[in-house]
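Order of writing sets the chain letters: A, B, C and D. Residues in each chain are counted from 1.
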Amino acid sequence: MNAMPPLGEPASEPVATAQPASDAGPPLASGAAEPSAPLSPTRETLHYALRNPKLLIGLAVVLVLLLTGLFGPLLLDGPDPNAYSGAQAVGPSGEHWFGTTTFGQDVFAQFVYGLRATFLVGVIGGGIAAVIAMLVGFFAGYRGGVLDEVLTMLTNIVLVIPSLAVLLIVNAYLGVRSVPVQGLFIGLTSWPWAARAIRAQTFSLRTRDFVDLARLSGSRTWKIIFREIAPNMSSYLFMTFILLFGGSILIASSLDFIGLGPTDSVSLGLMLQSAQQWSALQLGLWWWFVPPGVGITAVVGALYVANVGLDEVFNPKLRES
Amino acid sequence: MRRYFARKLLVYVLTFVFAVTVNWLIPRFMPGDPVSAMISRARVSQPEAVEHMRAYYNELFGFDRPVWEQYLHFWSSLLQGDFGISIWVFPQPVSEIILGALPYTLALMIPAILLSWFVGNWLGALAARRKVLDNTVLPAGYLLTAMPYMWIAVLLAWVFGARAGWFPVSGGYSLDIEPSWSWIFFTDALHHWVLPFLSMFLVALGGWAIGMRNMIIYELEADHSSYLAALGAPQRLIRRYAFRNAVLPQITGLALQLGVLVAGALVTEIVFNYPGLGSLILAAIQNRDFFLLQGTFLFIVIGVLIANFVIDLVYVIVDPRTRTGMAGGQS
Amino acid sequence: MTLTVDDLRVHYRTLRGDVRALDGVSFFVDDGEILGLVGESGCGKTTLGKSLIRMDGRMRHVGGTVTLDGDDVPVGDDRAMNAFRFRRISLVPQYSMSAMNPTRRIGRMIRELLASRGASVDTAELHRRLALVGLKPEVLDRYPIELSGGMKQRTVMVISTLLDPSLLVADEVTSALDVSNQKAVAHALVGLRDQGLVTSMVFITHDLALTSHIADTIMVMYAGLLAEKAPANILTSAPRHPYTRRLLAALPEAGVRRSEGRLSGIEGSPPSLLSPPAGCRFRDRCPLADDRCAEQPPVVEVAPRHHVACWKV
Amino acid sequence: MLTLDRVTKTFRTGTFSGSSVTAVDRVSFTVGRGEVVTLLGESGSGKSTLGRMILGLTPVTAGSLTLGGEPVRSGREYYRRVQGIFQDPFSCFNPVFKADRVFALVKEAYYPRVSAADWRGRVERAVRDVRLDPGQVLNKYPHQLSGGQLQRLLIARALLLDGLEFLVADEITSMLDASTRVDVLNLLGDLRERGLGVLYITHDLALGTYLAEQTVVLRGGRITERGATEKVFGNPMHPYTRHLLAAVPRLGVDWVDAEPVGSCVFHDAGAEGELHEAEPDHFVACAQLPGCPGH
């Protein structure tokens, strides 16, 4: 649900800035006399990335869950996660790791397939939102003027409308019944905050002299945006994508829970919905509703934590503390 | 300042027009004959209702008329407060049903949003001050914001309702009590209110705490903080100034998060079977009551727009720069 | 004797090791004296200025002492420094344009700041001091955003000197200004000293010509060390250190044409302070350098109040 | 030859509002081949806007700007003839790429067919021309080089273009240390020998007079005085020029108070933007002066 990430628009400017030749910073002076060759930006980033526990732990958790989603289904007996495969409503055991539902479906089978759906909706929703946000943000921020006014207005409008409400209407009428279509609509409604953030970044970068210098080399607008400006905020764009990814997963789980989820597959949100619908709570079948919630929270939480780690890696200001 | 409000109002008006247009447009994208499609999908048993629906849909959509006329017609009935007739609880008007559910949603949402905002900001400010707190508040905050609203609701219902039996886990009040302005009803409703409130409060809390912590740290590194420190001002004063500045983006953040918070309230209500808009939406979806769904959608949009405007007003009062920025001296 | 700095060493912690930004600097500033501190980027002048009032998180006091009016100044102890800040040592920062909190009216900020230091506002005196730098009392009811850059700069000057400090550190206060404003601000600073609002001043700048107009003494730094310190007119007319000489020779003067006499800069760049080379740090760029310069030259008083760190004087 | 004829630039202050600000107001002068002209002004004088207009980065509102008789326009062919260098060398280099990428962009746009080895030779020659050691500066990231080195690389970049006729140098020394500043200026002066026209934009009077034969003083978007450098500064006529000259700190010369500028009634240059020719090769806009049309 959290379409807007808890981090908001980063307070600190993540754009890589070169130290100007002022006396303000430590005199890491320039030049040939430097004994150890300074690291390239890429190598330096890698250096910090490999030493950042938040990033490493976050990525490890995401990776483990992703692999579970990818390869877990291969370990299962049958291809249908909803198959009635055993005794009804039994707790976790060696045979059914996560127990079974009141209908005798294997919760673990649903969980691993559900993880797939969760990652898929994150990639599609987050990806589409990121593409729209970049297009809107880049062009509004770079071109300015009337185009900027119009795009900003559009962004603000879509931003104010609660996206879940729009998705409710769309899903209810059009009957969105597959994960990719669900992801598509989530992507179409969750881009505004990212577009605003990218616009602001672009706006500050476009006044840099290297943009003018690129124009003086005859580069055209799109080339300047994608070859000069975008590489400068690549870390920022990546972080934005991660947040959109997590946001899409949360929105999708809400839709599933309300009963507007995909009908042709299993998802963690749908698991929660059926647990709720069939009174797993009252019956004390905790193994039915705990795993899907843990799965969603772990994926999204790990992404957020990894994101904080990335911010620390890319933003030298945050490295020290 | 007038320009500021004019701009904001323009956005809100356009947003409303946009929302109404979406509402009008989407049924028209349904494949085939929308009227019969909707009627066949609606789970209606009373033949009376089917007839009424067909007549109403035909009247509402007016497919025989030109498109612009259909659109204007849609607007005019909307402005007369006509949101249609519910199929689910036929023949009650949609607006009536929504107004009946609204108090429950507001009673849940407003305290949850405001309290989580205040407590979250307070916790975040504390976290920025002490390393120990920082190491506990921050991970807890991330965990909370990553939780789907309905899941934390389910967990609370399970632990404090189903297991401990301290709180009821379903409904807005006990089945044997009629809603009235009585003390008995009030305490009973309050008892039912605690868990849904708590689950909304907790999820929202984390985000505010993290945001505040980051903003304060940013403010403490700002030039004006360095200057105060260089003049030997005590940490207390520097922190107070930083806090005040850091609160401003959090107010804007509140406006940006409204949609998310509303969505959270809806699914929380569903978990607790709380008789607010969320449960209405669920019922509308399950019964294919499209009028009810569309009416609720518009109500939510209007509510969010009003809340946004209130936040804008507050912001102007708190941040002097919005008041003086336009007229202030240019450097 | 107001300020005495003895063998002050301050390092910057960086990921590649400690940068020896100040590597043993000694000097003094007399009562009523304005010391102009000049040097190129990375010479340690800003580090020195910060060390005298508030070190930032990455700076570390490694050695040396600072005394003010006979009292030891605990430069490395952030808490203990608070007793000195504002009351005895004050700062007009490089970032004057953004030094005031944007959401507080200036008057209220001054009141709260003074109250926090146990002082109260003498409104008449405050107005008088604002008038001294050409500001109306109305600025106190304004938010910083409502003032122009020059007004903010002057307001900060007034705030910083409200408690009549013994020492004022003015860090690059004129570098962002146009020439006409530069002159006004420079005059205002001298005025603060002449009025007795501050006893003495360290004026940090990269502009040698500007300093020569307001400073009594000029100190030239190079690569974390003192190169030369002399009365302003002597330093600009009869410099002894080769670095000072080359620096002065590289300055075009208004009216001098390239066609008439081609000036040249100093080849090369200052050494890295991560692990500075032994011996004189200007050696690689110095036309006079010889084997003796492999040893670090001591600071010698070659004439009264004229100190030079060079074997060749 | 670059010719400016009543060049004007007005900026609208808001997209939907009617108010506007005139940044450059009817400025006319010429820069010949092999000539260095200093454009002197304080912040807000419109000097950088003027530079950007010459470079085609900002459109001209009114008046005409021609290079060799052809109007200025942005685009690849124009930038083969006209190039610019800006104030902040660190901002001119994209920090995520190596510094030599500025050369690669030139090759990509103008010399796509030149072989890599041949190009490398040209780059090294250009780098040596700006007195840098190719081994020390090539293949490095911008933050590994000093401001002076970066600024020279930008001059080298412009030198790679065979057809270069004109260079706009906007405050290129203001962020450099005093010890390297004059070397960069000397390089700029040497371009004259290559037959280039150079517009040197600066706020620093001393640097301006060091380099140029001709000086244009700009204030509030208008020319107050222009002419041969030694005449403008040897015999300044406009109160503003005198004020500037007096405000500049000079070694060994006391600061004197010039007459206040506020009392100066600007000669409104009128529709023609004409200045009054006070003596040969010395033009002034001042109503106080005898002979001025506004007197």
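Note that in this section contacts are C-beta pairs under 8 Å (C-beta built on N, C-alpha and C of every residue); 3 or more make two chains touch, one makes a residue touch a chain.
Computed from a prediction, not measured in an experiment: that's the story for all the values here.
C-beta contact counts were set side by side for B-C and A-B; A-B has more.
On a Cα centroid basis, the chain most remote from chain C in this structure is B. Nearest to the common centre of all protein CA atoms is the CA centroid of chain A. Annotation: 55 Å between the Cα-based centres of chain B and chain C. Chain B has its Cα centroid 22 Å from the Cα centroid of chain A. Here the spacing of chain C and chain D, counted between their Cα centres, is 32 Å. Shared interface positions of chain A, defined as residues touching 2 or more other chains, are 21, 29-32, 34, 38. In chain C, 41, 206, 269 are the positions where the chain touches two or more neighbouring chains simultaneously.
Across the complex, chain D meets chain C through its residues 42-43, 146, 148, 177-183, 185-186, 189, 203, 205-207, 209-211, 229-230, 233-234, 243-245, 247-252, 254-255. Taken together, the chain C residues at the contact with chain B in this complex read 53-54, 56, 81-87, 90-91, 93, 95, 97-105, 112-113, 116-117, 143, 145-149, 151-152, 156, 159-160. If you check the complex, the residues on chain B that touch chain A are 10-12, 14-15, 18-19, 22-23, 26-27, 29-30, 139, 141-143, 145-152, 154-155, 157-158, 161-163, 169, 206-207, 210-211, 214-215, 217-218, 221, 249, 253, 256-260, 262-264, 266-267, 270-271, 281-282, 284-286, 290, 293-294, 297, 300-301, 304-305, 308. Every residue of chain C that touches chain D in the complex is listed here, in rising order: 40-41, 178-180, 182-183, 186, 206-210, 212-213, 233, 236-237, 246-248, 250-258, 262-266, 269. Residues 15-16, 52, 55, 57, 74-76, 79, 83-84, 86-97, 102, 105-106, 108-110, 136, 141-147, 149, 154, 175-177 of chain D touch chain A in their complex.
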